[in-house]
Structure formats: C-alpha cells, structure tokens
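Heads up, the next two complexes both have chain A, just with different partners, chain B and then chain C.
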Partner chain A sequence: MKAKVHVFLKPGVLDVQGKAIEGAVHALGFGGVSGVRVGRMIEFDIAGDDRAKAEAEVKALCDRLLANTVIESYKAELI
Partner chain B sequence: MKAKVHVFLKPGVLDVQGKAIEGAVHALGFGGVSGVRVGRMIEFDIAGDDRAKAEAEVKALCDRLLANTVIESYKAELI
Partner chain C sequence: MKSAVIVFPGSNCDRDCKVAIERSTGSSVDMVWHQETALPSGLDLIVLPGGFSYGDYLRCGAMASLSPVMAEVKVAAERGVAVVGICNGFQVLCEAGMLPGALLRNEGLKYICKAVTLDVVNAQTRFSSGYAQTREAVMTVGNGEGNFFAGEAELDRIEGEGQVVFRYRDNPNGSARDIAGIVNAKGNVLGLMPHPDRSFEAELGSADGAILFQTALASA
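And then the complex of A and B:
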C-alpha cells in the first residue's frame, strides 16, 4: 500500500518559511498572493495487505517521527 | 482563490531526506516501510476571480520560485 502524509504547521504558529516565500513572491511582482503556508508531504510504501494494521502503523509513525505534534498537525491517507 | 502546490523530486533524483527518514523509521522497528520520498506542499491565497489568470500566475510562480525544475516537478491546483 502507498501512504501519503501531509504535515503542516498548526494555525497560529508563525510560518517563517511561508513568510520568506511571500516576501519573494511580492518582490517578483505577484502582489495578489497572501497567506503562504509551507508543509511537508511524505510518501512511502508500506508492506502487507492488512489495511487496519497499516493505518495504525502510519499513525504511530506520524506521532513518533514524522510530525512534531506540539506545533504541527498531519493528514494521512492510504491508497 | 486558494492554490495548493505540491513540489516533489523527479523520479531518479536521490532523496537524501527520504533516505534519512527511512533509516529512522527502520530504527523505530517499522521494517515494512520503503521508498520514502519527501516533498513540499505550499498553500496560499491568490486575489481575483479570473481563474485562467490565477492559473497562469501560479504556473509562473512555480517555474520561477517555488520549484527547481531541473530536479523537481510540481502539481498545482486551484480551489
């Protein structure tokens, strides 16, 4: 199975990378762009056919390694 | 309008960040995980109601700033 995990900063947490991109975007002349937020997208293959087990593994991985749940949230999907 | 841009390394380009995550995942005991690839997800608001113009702006932004098209590809969507 393929897993896709989108990790993003929680609302209210200052996104410095997003602010830097926003500044560069405006400097390039695209004034209509605002609210830039940057996240990570992590994709991987997970062995086995047991969907429930795979879902539990992905959740454990997100909580323990892929996301810093103090400041980040994540959305995981299996395909 | 809201734009979502997913930037990812082209197939064949070594993903060192992905390899590092894969090593850490295996060290945590999740042996079934393989082929880890890491990308960026950039979300922003774009002013105006002209969908075609917004699409052209997003494409220009991706090509000029958000992706290094030598080694990266991107998928952009407007919602």
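And then the complex of A and C:
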C-alpha cells in the first residue's frame, strides 16, 4: 500500500513562507489570491495487506516524527 | 566537574561550546557522537550545541531528537543532570519533548545574527542564579528559526510556573511573549536561542555567556 501524508501548519500558526509567496503572487498581478499556506507531502510504501494495521502505523509515524503536533496538523491517506 | 557536548552530523557550534565551557569553568569536556548508546560517567552538564543537525531535514532538530544518544540524554535528565540546548540544541529539546513549545521560522523571514540584550526574568534556576545581581545578559543570536511558539494556555502555564528564564528586551524574531529561553518543570533542562558559547569573553563583545556555564556547573 502507498501512504500519502499531508502536513500543514495549524490555523493560527504564522506561516511566513506562505505570506512571502502571497506577496510574490500579488506582485505578479493575481490580486484575488489570499490565504496562501505552505505544507509538505510525504509519500511512502507500507508493507502488508492489513489496512487497519497500516492506518495505525501511519498515524503513529505521523505523531512521532512526520508532524510536530505542537504546530502542525496532518492528513494521511492510504491508496 | 565534567561536561559533555553532543555532536550531531551538521552541528557547527560543538567546538565553540567545548572551548567556552573549558575557558569559563575549567571543566573537562567530552565530545560525544550522536550514535553513542552510553554517556561518559559522572557528567555534571550536557550541552546540545547549535548548528544544522541533519541539515535541518523535515524540521529543525526533528531527526536529531531521535538519535541513539538522545535516549541517554533523556535518562540523564530524569536523573537530574543539567542539560542545556543552545539554538539548534533548543530545537532538538523541543522536538524530543523535553521542553514545551516549538521554534518557527523567524517572523521577518530573515536569518538574524546579532547581539541581543536579554532580561533574566527568573534568576532562581540552576542556570541563571549567577545573573541575580544584574538581571540582564548580552548574548549573540544566530538563527533563522528562533521564533518560539506555544499555545496560549501552555504559555500561561510556563509563565505561571516560572519556566520562562530569558526574554528578549527587543524581540528580534516574533517569539511569543518575547521568550528567548525556558526550563522544564523540574528546572534541570534549559533551552535558549541566544548563544552563551559565542559570548563568553569580553573580546567576543560580551562575557555574559560564561556566567551561564559557571552557574550550571556550580550547582552540580
């Protein structure tokens, strides 16, 4: 199975990269764009056929390493 | 007196820390590679130095916090050994869950390298009692991600418990409530973004950093 994990800064946590990109977007003339937030996507393969077990492993991995839940939230999907 | 400086791949202030501790306290300093599974015996102080451990991959300090040696640092901290994380070391301590909060990208997006004046808001810790007379210290910051963040309730809690030790007089990076350095609830783990290791002799612009190392080892 393939896991895809999206990690984003939580709402309310200042995203300075997003703000800088938004500034550049406006400079290009796209004045209608707002609320730019930058995250990351992490993709990996996970062995076995047991979907529930894989989901639990992905969640554990997100909580322990892939996201810092003090500042970030994540969404994980198995394909 | 015996100290150790942990060396991660990408640490770049490890030698600075060794020299700073040796010259300001006379303590012997062992350099400990991050893959070690045991620490030297009889340590009074463990320092996690500044730098870019693991190239800041994933998040600053995230990979280093899972290094084999960190399990030993946690055990030592639970035993009461003094642990100081400076700059990247502070980020590692937060990622390891040994200190609350996290360090975000600086508000102005810039890497900031300059001397800053700190108010010593709690001069009763084992790291800061040496500042009880002056209540201030000048040290150099050098970071791109030194913007301390924690939720409002957590900030209230650590302020109420006296865990905030250093505050910026003129906040350079957007840190919540001007926080520059904090201790854990037990008071034996300190993390700070400014570098005492770059401010331990007058020739460096300030000797105030020496007081931190002297105080940490005097209390050991």
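Basically, the second predicted complex is superposed on the first by the 79 of 79 C-alpha atoms of A that agree within 3 Å, B and C clash if a C-alpha of one lies under 4 Å from a C-alpha of the other, contacts with A are read in each partner's own complex, and residues count from 1 in each chain.
The rule we apply is simple: a residue touches a chain if its C-beta (ideal position, glycine included) is under 8 Å from a C-beta of that chain, and two chains touch if they have at least 3 such contacts.
Computed from a predicted model, the values in this text were never measured in an experiment.
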Contacts of A:V13 with chain B and chain C, given as first, second, both or neither: second
Which of chain B and chain C A:R37 touches, first, second, both or neither: first
Residue contacts with chain A in the superposition, chain B compared against chain C: B
Touching partner for A:D45 - first (chain B), second (chain C), both, neither: first
Contacts of A:V25 with chain B and chain C, given as first, second, both or neither: first
Contacts of A:I71 with chain B and chain C, given as first, second, both or neither: second
Residues of chain A contacting chain B in one complex and chain C in the other: 65-66
Of chain B, residues touching chain A in the complex: 6, 8, 18, 21-22, 24-25, 28, 30-48, 57, 60-61, 64-66
Residue numbers on chain A that touch chain C, as the complex places them: 13-14, 16-17, 20, 65-66, 68, 70-71
Chain A partner contacts - residues on chain C that touch it in the complex: 58-59, 62, 66, 94-95, 100-102, 104-109, 147, 149-151, 174
